[in-house]
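The next part holds the structures, each set out as structure tokens.
Look for chain A in each of the two complexes below; its partner is chain B in the first and chain C in the second.
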Partner chain A sequence: MADTPQQLRKSTDAKIASLRTLIAKRKRFDVMFNVLGFGLIVLSLSVLGALGAKLIYDGGGRLLETFEITPWGLAPGNRDVVGDFEKAPAQGKLPAGYQVTPKMMTLKTVYGTIDPTPLIGQRVAVKGDITKDGAISVDAMRAIPDSAPGEEISGEPTVIGKIKRVRPDPKDRNLVHADFYPEPIRVIMPEKNDYAADDLVGERVAVDPGRRGRKAEIGVIEAKSVTPLKVENFLSGMLSTNPQESGMFPALVGTLLVCIVTALLTIPMGVAAGIYLEEYAPKNWFTNLIEINIANLAGVPSIIWGLLGLGLFVISMGLGESVMTAGLTLGLLVLPIIIIATREAIRAIPNTIREASIGLGATKWQTVRYHVLPYSTGGILTGAIIAMSRAVGETAPLVLVGAAISINFTPFNDPNIATQTTLNPLSWLNSQFTVMPMMTYHWVGQPEHEFHRLAAAGSIVLVAFTLAMNAVAIYLRYRLRRNIKW
Partner chain B sequence: MTTTTTDTAPAAKSSKPAYTPTPAVKINDPLKASVNKFNFYYGNGFHALQDISMPIAEYKVTALIGPSGCGKSTLLRSFNRMHDLYAKNKYVGDITLMPENINLVGPELDPIEIRMRVSMVFQKPNPFPKSIFENVAFGLRVRGESNASYVNERVETALRGAALWDEVKDKLDHSGMALSGGQQQRLCIARALATDPEILLFDEPTAALDPISTAKVEELVIELKKTVTIIIVTHNMQQGARIADYTAFMYLGKLIEFDETNKIFTTPSNPMTEQYLTGRFG
Partner chain C sequence: MTTMNPGVAENPAPFLDLTRSGSSKASRVKETIIEGILLLAGVSSVIITIGIVIVLLRETIPFFAKQVEEIALPAMHADGPYTVSAIHKKPGDTLNKRDVLLEITAANGEVTKVVTHFDGVVRNINATVGEVIDAAKFSTSDQIRLLSAAEQRETEVQARIPLADVTWSVGFVDFFGDTQWTPAFADKRFGIWALIAGTVVTTLVAIFVAVPVGTISAIWLSEYCNASFREIIKPILELLSAVPTVVYGYFALLAITPVLQTIGGWFGIDVPGFNMLSAGLVMGVMIIPYVASLSEDAMRSVPMQLREGSYAMGATRVQTATKVILPAAFSGVTAAYILGIARAIGETMIVAIAAGQMPNFTANPKEGGQTLTAFIVGMSKGDTPHDSLEYRTIFVCGLVLLIMTLFFNVTGYMIRKRYREAY
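After this line comes the complex of A and B, so read on.
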């Protein structure tokens, strides 16, 4: 049956149409994957963003806050004036001496008794109890002229300054708060003080006004003692039961030390094992078995390594709950990762390079030493650093091998081994320790909200730590691979 | 695994001619090496070279030609024991190195010793990702040479020998990988020359190069044969005709014909050689 041109045309059209349907049908998956993929990227970025935002919202402030460690013996509410200690020139009838400039304070008055509002912008003298958080519970307050002559008053420290702003207490309608910017107060040093005045210049100090009822002038304190206050922030602070004063310095040092021990123990061993397996070992069923098992070991849950560490290092080998134990346990955990990374990096070197080296009469070791290792250093270091950042974040195995949760010393000044420290530079290996994820875990479990802020701040430090390590890994890889093209 | 081979062809495929090897001819030039009844088996049992016998003349260029898979590279790589790098490869028979008459492929001989006397240039330029200077000096370094002025001198001589000195003398500290493909290949030749080898093996050295770089490498090979014996594997028959003094035609692991290049290319005595050279198979 012969087709007419029309019939032919028709059948071609139909064929093209069916082809197009077919193509559209097949392309559905491409479209679907495009949409799905993009959607997932947006989703994961927003989850990441939300996580980061939550951490920074919860803990960012705590990270930057500083707090003052009140020296032992200064009980709260004893009306110390806290401020920066400076030298003061001679002024009026006062000879040259010292002064203290308090930081911004909050005046607290009961509404109606003393109203600070009309005094805004004026120079005022305030008498009252200075509470622990630096606020003044006002007893009396009055405006004084700028050139106020010395006036004798009795009792508590009287501070001169300016009121900038008045606001009601957010919780108690009967209270009024005022922002108060004090002027320097002259300090008459006590005859006997634990700290020499000149040593205190530039420090933040607490000035104890001493006995009540002593005669003094407005703007002058006759001090009973002047004591420096140590200012700490989250990173340099010690652990404390008071969340306001707690920092993570011991955990930071502990993490660094454990990380160093782990790196020193595992990187040489892992790289050597990788080189042996890749360059020296014969390829047979036995080495295949080893290879598979190394891959399996890299996937063993970390708590299992903790159990092994507890049984082997803490108990059998008697290393105790120490930095050394933690380093060894985490070393076991990351060793397979380093071996695998080393093998991958070595495998990426083309055989032509090995043949070129061997062909010039090099021995196997010379080939490894001059070619294989240098060219794979980037990959090996990347793997090692990523393994280390994994170790830094591990909590479970360290819970088992006995990381402490409340110690206020670093392994360098462990009081339990302090006597050995001077004799043995490696005594910190035997010290108790704590690490950052451990502290975060501990803080999260506390009931007070302030501890949760600490946990968030700790998480930020931990994330920053691992990100920094990974950044170093990326940079090293870039640097070391610049001249290598394959 | 058997080492006995027959001279009769395996069941020949329709398009491929049956082959009958022509016995290797005696040559008058002094010998640097001679291949005697040499067989090679890969680790998987593949019998890649079967009863190869041929002479290698000193200070001459010997070309190995033949279609892909004929075993010419396998034979070449046997000369510096490259096959030892991979497990289970097996040599049978011998390749005798003159003048000591030692068997290159004998198991009692340390392959490193052989590789220090027989250098190789590979098909794809494979400079190390190090400086040009260190690339050339590597052969000396592995020999434990630490005399700086001697190393400098050898590197310069080798680079001059490889006709590369004028192009790179001002940038010896640059990476060898930054050079062009042709320069890289000459760098690899310089690297092989720096250690004063007795035999230089070329495995299709111009396969990855453009015509101009190819011409340079060919000139270099002709120049080099004054001081070193050269064996070259080539896919390019014109190249073989241009630079080789002797040519061996191989097919399916066997040596079909070995003779002076002139004779092979003008009046081959084996019909298969003629068919290959005229492009009827391969």
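After this line comes the complex of A and C, so read on.
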């Protein structure tokens, strides 16, 4: 029985509708996949963002923080009074001399024993232990008249100043903190001091009050030594076992030197190998072997290169744990990268250029020297930069060849080879060294949070180095692709 | 012009004078020398490979060779001479680990027991100390002088007087048949599986992250994304693998692990501070670009006709990608996975920092563990003497690692080479 037009139409509509839902479903699935793919890429990149955020959150402050250290690389000791050193006029019975003015200090007292609150705004003399962070753990405290110092008491140092504000300790409710603004403290210079008092005027100094229990006047320090302080930050400071005053200058210099050795060694060799394989090598089993071999070397884990450096350079060749060893090891590590980049750059040059050059009577080397190499420079440079950024970030091989973790010198003033330095301008090659990733690794492994801040600051520097190098390489590659049209 | 064509510049004569062969001979020599130098640079890679193998084997062979250890007499506080005897052992017996081996009796009857931990064969045990010193190769007059107990008490020197040689060796059975790896402990065990387990677990976690994300990203980049956007996004994605691994290690230990601990806390799971999961996850992120980039290259080299054919049949982009492109690029994508695996196996710093330093024969990524690479780094960080057995272990682990990565690398290379020839 034939369908009526209405029935036919109805069934067609139904078919169309079901087809529409099918198409819509397919389309939806397609869009979903599009969103998924893009989402996953964004997710992967957000890891990079999270990494950066974590590093800056943990170490950004540490990177900018400054700290004061003595000329021999130590922080001011416990009980040292840190402040600006000035000349002081004669005052009362004290003759003209010198004085030191500390910045605002925090008085720490135990709640209920010594209460600083009634003394707010008055001139007070405070006796107690000065801790490393510039706070005074108060032993005794009393208001004194506004006259010049002169009263004799036992136990020093005694600091005179004004209390501005009292607040509870944020962590320990039994402690009370007070903001204390000290007056200049008269310093009686020791008989023997490494630095002349007049040279120190205007500088930040650490005044060592010597042993306790000596008689002294209020507001006067009979100093045992007065030492100038220099302000360092993370990049300029020397390494220290105390995380508060550690920088990474030796590691920064070490990284740069190792990279220079690596680059000088590996770029000529890698480019030569690349030229040989692309321009000279006959197509035979041996060339094939070299090719497979290079592809494999590029995949050899970095730690194996460390073992090679340890076995070959440190032990067999006796180069020791030096900048030279590190440079050679990293040089071998990045060699395959440079060879592969060179080959790719050379391969992109069309054969017509070579044929034209040979056709004009140039020899093979002349063709390479005057045509192939200049045209592939950009590509080779890109590969070299990528390789160097890899070398900057490598840690494992340098742990094996003996990057140090606690050296307080750059390879240029290694005390172990100091005598040679004047004679041999390359003596730094034999020096002990450390590098940025090594120090970062060392700091991550320490339990204290302050070390983790250091590690984060080191990581920021490291990431900045590698990303900057990669950005340059990406830009170069982008420029090359746009400009060169064969 | 001259700089452009130096070949011409060297021969300014209008006609090429073939009879003046002197300069061309010189240039031929120069050409040969240059070619020789370039050949040398090319061959260098082979030399390097041979160097790696030699260095690793040089330390691995003595590792499996017979070890001779001396059992030392501890500092004694009684008068000599001493009588040394083995407990329940006679010369020629095989010793077991952690065996009470020696009983040393002083003249006043004071008995000291010497515990040793060696596998091996007892030689020259029942002897007085004086006799043993004569037999020992390192006996010097100083050491003999230390025999006087009174002197010893005065100086409190822990004299190391060789008593007996014990020979033992790490057999392949110990190496491949044990699941404990404790070369630095008194009770030395050399079961490599403990380290291989760590390597495999972290690699698997990394692969679980990198393969799905990398593949889908590759499909999106190759099939969905327009060319100009791809040019921007691909280098940025590749930055993920440019970040130094020690920084990733920091991130895994101090950012991912706390997050995992928090999440674990919701479900009542206790996640330790060092765990293979966080190391593996971060390692996975690191190798995403390897997988994505190589897979994308493979997918884009699939000829356009296949895509067009698929679209003409009414397939959507998802269908084209999963049913046509992915199978066509299968070998390239597989190669990408394999190279990613090789990369994960060889990764050192992330696992050394975040996964801990305790060898652990387990398949549970929640636990801490040690990989081959982390062991090498951890061991070489200390001051191990250069001819000790502990020192050799790092080269042995290096060899095992090299073999593992080489297997994956060669496989990946072969697969890639084959697919390159397909289109």
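As a convention for this text, the second predicted complex is superposed on the first by the 286 of 486 C-alpha atoms of A that agree within 3 Å, B and C clash if a C-alpha of one lies under 4 Å from a C-alpha of the other, contacts with A are read in each partner's own complex, and residues count from 1 in each chain.
Heads up, the rule we're going with is that a residue touches a chain if its C-beta (ideal position, glycine included) is under 8 Å from a C-beta of that chain, and two chains touch if they have at least 3 such contacts.
Predicted, not measured: the structure shown is a model, and the values here were computed from it.
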item	value
Partner chain in contact with A:Y370 - chain B first, chain C second, else both or neither	both
Partner chain in contact with A:I292 - chain B first, chain C second, else both or neither	second
Partner chain(s) touched by A:T352 [first = chain B, second = chain C, both, neither]	first
Partner chain(s) touched by A:I315 [first = chain B, second = chain C, both, neither]	second
Touching partner for A:F38 - first (chain B), second (chain C), both, neither	second
First, second, both or neither for A:K283, with chain B first and chain C second	first
Chain B versus chain C as contact partner of A:G361, first or second or both or neither	both
Touched partner set for A:G49, first chain B, second chain C, both or neither	neither
First (chain B), second (chain C), both or neither touched by A:I304	second
Doubly contacted chain A residues - partners chain C and chain B	357, 360-363, 366, 370
Contacting residues of chain A [partner chain C, same complex]	26-27, 29-30, 33-34, 36-38, 40-41, 43-45, 47-48, 50-51, 54-55, 58, 269-270, 272-273, 275-277, 280-281, 289-290, 292-297, 299-304, 306-308, 310-312, 315-316, 332, 335-336, 339, 357, 360-366, 370, 386, 389-390, 392-396, 399-400, 437, 440-441, 444-445, 452, 455-456, 459, 462-463, 466-467, 470, 474, 477-478
Chain C residues within the chain A interface of the complex	3-8, 11, 16, 27, 30-31, 34-35, 37-46, 48-49, 51-52, 55-56, 58-59, 213, 216-217, 219-221, 224-225, 231, 233, 235-240, 242-251, 253-255, 285, 288, 316-319, 321, 339, 342-343, 345-349, 352-353, 373, 376-377, 380-381, 386, 394-395, 398, 401-402, 405-406, 408-410, 412-413
Interface residues, chain A side, partner chain B - complex	282-283, 350, 352-363, 366, 370-371, 375, 483-485
Residue ranges of chain B touching chain A (in the complex, touch as defined)	80, 82, 85, 87, 112, 115-116, 119-120, 122, 124, 126-129, 138-139, 141-143, 175, 177-178, 188, 191-192, 195
